[in-house]
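I've put the structures underneath this note.
Both of the next two complexes hold chain A, though its partner changes from chain B to chain C.
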Partner chain A sequence: MDKQTGFMKALKCRECGREYPLAATHVCEFDFGPLEVAYDYDRIKASMTRSAIQSRSKNMWRYRELLPVAGEPTVGCEVGFTPLIKADRLAKRLGIRELWIKNDAVNYPTLSFKDRVVSVALSRAKELGFTTVACASTGNLANSVAANAASAGLKAYVFIPSDLELGKVLNSLVYGANVVGIKGHYDEVNRLCAEIAGKYNWAFVNVNMRPYYAEGSKSMGFEIIEQLGWKIPQHTIVPMASGSLLTKIHKSYQEMTKLGLVSDAEYSVHGAQPAGCSPISVAQKAGLDFFKPVKPNTIAKSLAIGTPADGFYALKVMKETGGAADDVTDDEIRDGIKLLAECEGIFTETAGGVTVGVAKKLIASGKIPANDSAVLCITGNGLKTLDALVGHVGHTREIRPSLREFEALIEAETKSPTAA
Partner chain B sequence: MATKTKPNGKSEKNQPQSTRLWLMFPPKLITRPIVWELGQKFPLVTNVRQASVTDEIGLVSLELSGSRGDIKAAIKWMEKLGIKVEPVEINVIES
Partner chain C sequence: MAVTICTQEPLRKLLDNEPAIEVSGQTVSEAFNALRNRYPRFVERMLDEGGSVRRCVNVYVNEEDIRFLQNQQTRLRDGDEIRIIPSIAGG
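Let's turn to the complex of A and B:
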């Protein structure tokens, strides 16, 4: 393995194919196309066998040849290998033969799939000599950067819109990150952060580190394959904000096939969005290659990106794999959260509610055939979006400390069981 | 670590810089020569890097070089016309 580059060959433009050195850059100088990491698959094939993988620790770094760091990872070494659960009760409710839940609601350390991308971005940032890392975020990404930077001894700047909920602010401040609230509307904040990223010599995880960062999402797909017994699922349903996770799940299936770690199989990757921010799913349903930007208005704030950077590529993946997309309303999102909790004992955030709700629609419409098998990507934890459920999950019934009152309550319940 | 930047924005106003932007044109503006107009109105160098135009939407990636103040004014002008202006690094804010 090369000390400087590991199994990586170069950064490569997704539009024109020009190659760039493995530095902290993310756009092609010629056409502004996004850069992506290119690997030396021949060398990877020699080193990455099923038995080699299985002999390694149970975290996302057991697939390290396909993750863009040169040496051993130094940040987020325990991230990943979250449970894949056979969800028989939910399968029955949704009307499908076989259903699995990939549960990143319990990803370590900050309870969302973002720990995967951040551990790669920060490990690579350290290799490139950065001592300060940064991001602009409204939630999960901020938490993950703040926490992983703290444990790695990196200085962190986290930019947030100034009107963010207190819970999310505290969730980043507690790790000692420098949290900067920016007054202004979304587009202005976006532009300022792009300027800051261009000006300061920091590792901005989703700007100049994006080619490395985005690759971290592949680990979710690698784990799904291994945990299914080295099989690619027939259907995978993925929530979409920028659309990056969906494209990387697809890439992970392709890479494992190319390396002979799994046999070639037909599969479809489906996308899920909230109706209040659905540029990608609306375009998919209309059969378009391009999306129209929208102004988000949804309780699924972690998916509220109106101009998705990877929307174009996500549409392409769905088209190529015969996947579909759909969107669900705020009420359907809450129903999805409750359904997953009641059937499987898993409490997901609003993004997970979107995934469950869309799965239900795609199965009902036959776009996912009832006789097939599917994996739902649950990407975040319900404890982070409690606000969305207040007033929607029933209420406690209070009694005085008297057995008589309790029995009256039970009796009322047996008479009308739905009241429970 | 902060690089050698001037602490106040004022003195930077006239320093030349380059900004990379994605422009999204609504249907009613697709046929208007916005980039030419921009070059006439502001002392900026425009450099189109990529473009795609359909009946529904026009997408143009544009590099603007000039003073920070002029770039800001040009962005304001385009936004007032109804063009969506994003940095090429779109989604700087993630969830």
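Let's turn to the complex of A and C:
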């Protein structure tokens, strides 16, 4: 393995294919297209066998040849390898033969899939000599950058829309990060951060470190394949904000196939958005290969990106794999959260409610056939978005510490069960 | 109308590392034409063959994305700032 580059070859423009050195940069100077990491797959094939992978620790770094760091990872070494749960009760409710939950609601350390991308971005940032890291975030990324920077001894600046859920704000502040609330929606935060990134020599995980950062998402797909017994699922349903995760799940399936780690199989990748911010799903349903930007208005704040940078590529993946997209209302999002909690004992955040709600619609419409098998990507934890459920999940019934009062309560509920 | 156009690294090097370029134009399209006279390479790379802004580039007048205004037909006022920013992912 090359000490300077590991298994990486170059950064490559996704639009025109021009190559650039493996630095902290994200834009092609020829057509302004996004850069992506290119790998030396011949060398990876020699190093990355099933038995080699299985001999390694159970975290996302067991696939390290396909993750863009030159040396051994130094940040987030325990991230990933979250449970893949066979969800029989939910499968029955949704009307599908077999259903699995990839549960990144319990990812380490900050309870969302963002720990995957951040451990890659910060490990690479340290290799490139940065001491300050930063991000524009809808919340989960801010939490993860704050926590992982703290454990790595890096200084962190996180930029968030100022109206974020309190849970996500406190979850960034507690680690001692510099949290800057911007009076605007995420797309405005993102635009400002692009400008800040140009002025300060920081590792902005989703700006100048983006080519490395985004690759971390692939580990979710690698794990799904291994945990299914080295099989690609027929259907994978992925929440879409920028659309990046969906494209990287697809890439992970392609890479494992290319390396001979899994048999070539047909699969579909489907996308889920909230109705209050659905530029990609609206375009997919209309058969378009471009999207119209929107101003978000949804309780699924972690998906509230109105100008999704990877929207075009997500649409392309869905088209190529025969996938579909759909969107769900705020009420359907809450129903999705409750359904997953009641059937499987998993409490997901609003984005997970979107994924469950859209899966329900795609199965009901036959776009995902009832006889098939599907994986739902649950990307975040419900404890971070409690605000969305207040007043929607019933209420506690208070009594004095008296057996008589309790018996009266039970009796009343037995007489009119709907009151429970 | 006198307006300024700015972008960030690494694209700024195509504008001789100027932090802001002053041009004049009644619309975004006219401002781009004025910029093209001085920095043809930059504008040719930002626009596709049909003259539209490439899909991976966002253009803002002051703080607003021009796709929420009238795209390149958006009218400009004296002192407006046009920002050209490659789209970035996040979440």
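Keep this in mind: the second predicted complex is superposed on the first by the 403 of 420 C-alpha atoms of A that agree within 3 Å, B and C clash if a C-alpha of one lies under 4 Å from a C-alpha of the other, contacts with A are read in each partner's own complex, and residues count from 1 in each chain.
Quick note on the criterion: contacts are C-beta pairs under 8 Å (C-beta built on N, C-alpha and C of every residue); 3 or more make two chains touch, one makes a residue touch a chain.
All of these numbers come straight from a predicted model, not from anything done at the bench.
**Q** Which term applies to chain B and chain C once both are placed on chain A by superposition, clash or fit?
**A** With chain A aligned, chain B runs into chain C, so clash.
**Q** Looking at A:Lys295 after the superposition, I want to know if it touches chain B, chain C, both of them or none. Which is it: first, second, both, neither?
**A** second
**Q** Touching A:Val207 in the superposition: chain B (first), chain C (second), both, neither?
**A** both
**Q** Would you sort A:Asp331 into first (chain B), second (chain C), both or neither based on which partner it touches?
**A** In the superposed model, A:Asp331 contacts neither chain B nor chain C.
**Q** Counting only touches as set out at the top, which of chain B and chain C does A:Pro161 meet: first, second, both, neither?
**A** Only chain B is touched by A:Pro161; chain C is not.
**Q** Have a look at where A:Thr132 lands relative to chain B and chain C in the superposition and call it first, second, both or neither.
**A** In the superposed model, A:Thr132 contacts chain B only, not chain C.
**Q** Could you look at A:Glu405 and tell me whether it touches chain B, chain C, both or neither (first, second, both, neither)?
**A** neither
**Q** State whether A:Ser242 touches chain B only (first), chain C only (second), both chains, or neither.
**A** Both: A:Ser242 reaches chain B and chain C.
**Q** Just chain B (first), just chain C (second), both, or neither: which does A:Glu19 touch?
**A** Touch partners of A:Glu19: none, neither chain B nor chain C.
**Q** Figure out whether A:Asp88 sits in contact with chain B (first) or chain C (second), or with both, or with neither.
**A** neither
**Q** From the superposed pair, tell me which chain A residues show up as contacts to chain B and also as contacts to chain C.
**A** 15, 26-27, 30-33, 135-138, 140-141, 186-187, 190-191, 193-195, 197-199, 206-207, 241-242, 290, 292-293, 302-303, 305, 307-309
**Q** Could you pull out which chain B residues touch chain A in their complex?
**A** On the chain B side, the touching residues are 1-3, 5, 19-20, 22, 24, 49-50, 52, 54, 56-57, 59, 61, 75, 84-95.
**Q** Sort out for me which residues of chain A touch chain C in the complex.
**A** For this pair, the touching residues of chain A are 15, 25-27, 29-34, 114, 135-138, 140-141, 184, 186-188, 190-191, 193-195, 197-199, 206-207, 210, 214, 241-244, 290, 292-293, 295, 302-303, 305, 307-310, 312.
**Q** Note which residues of chain C are touching chain A in the complex, please.
**A** That would be residues 8-14, 45-46, 54-58, 60, 63, 65, 67-68, 83, 85-91 of chain C.
**Q** Where on chain A is chain B touching in the complex?
**A** 15, 26-27, 30-33, 131-132, 135-141, 155, 159, 161, 186-187, 189-191, 193-195, 197-201, 204, 206-207, 241-242, 288, 290, 292-293, 301-305, 307-309
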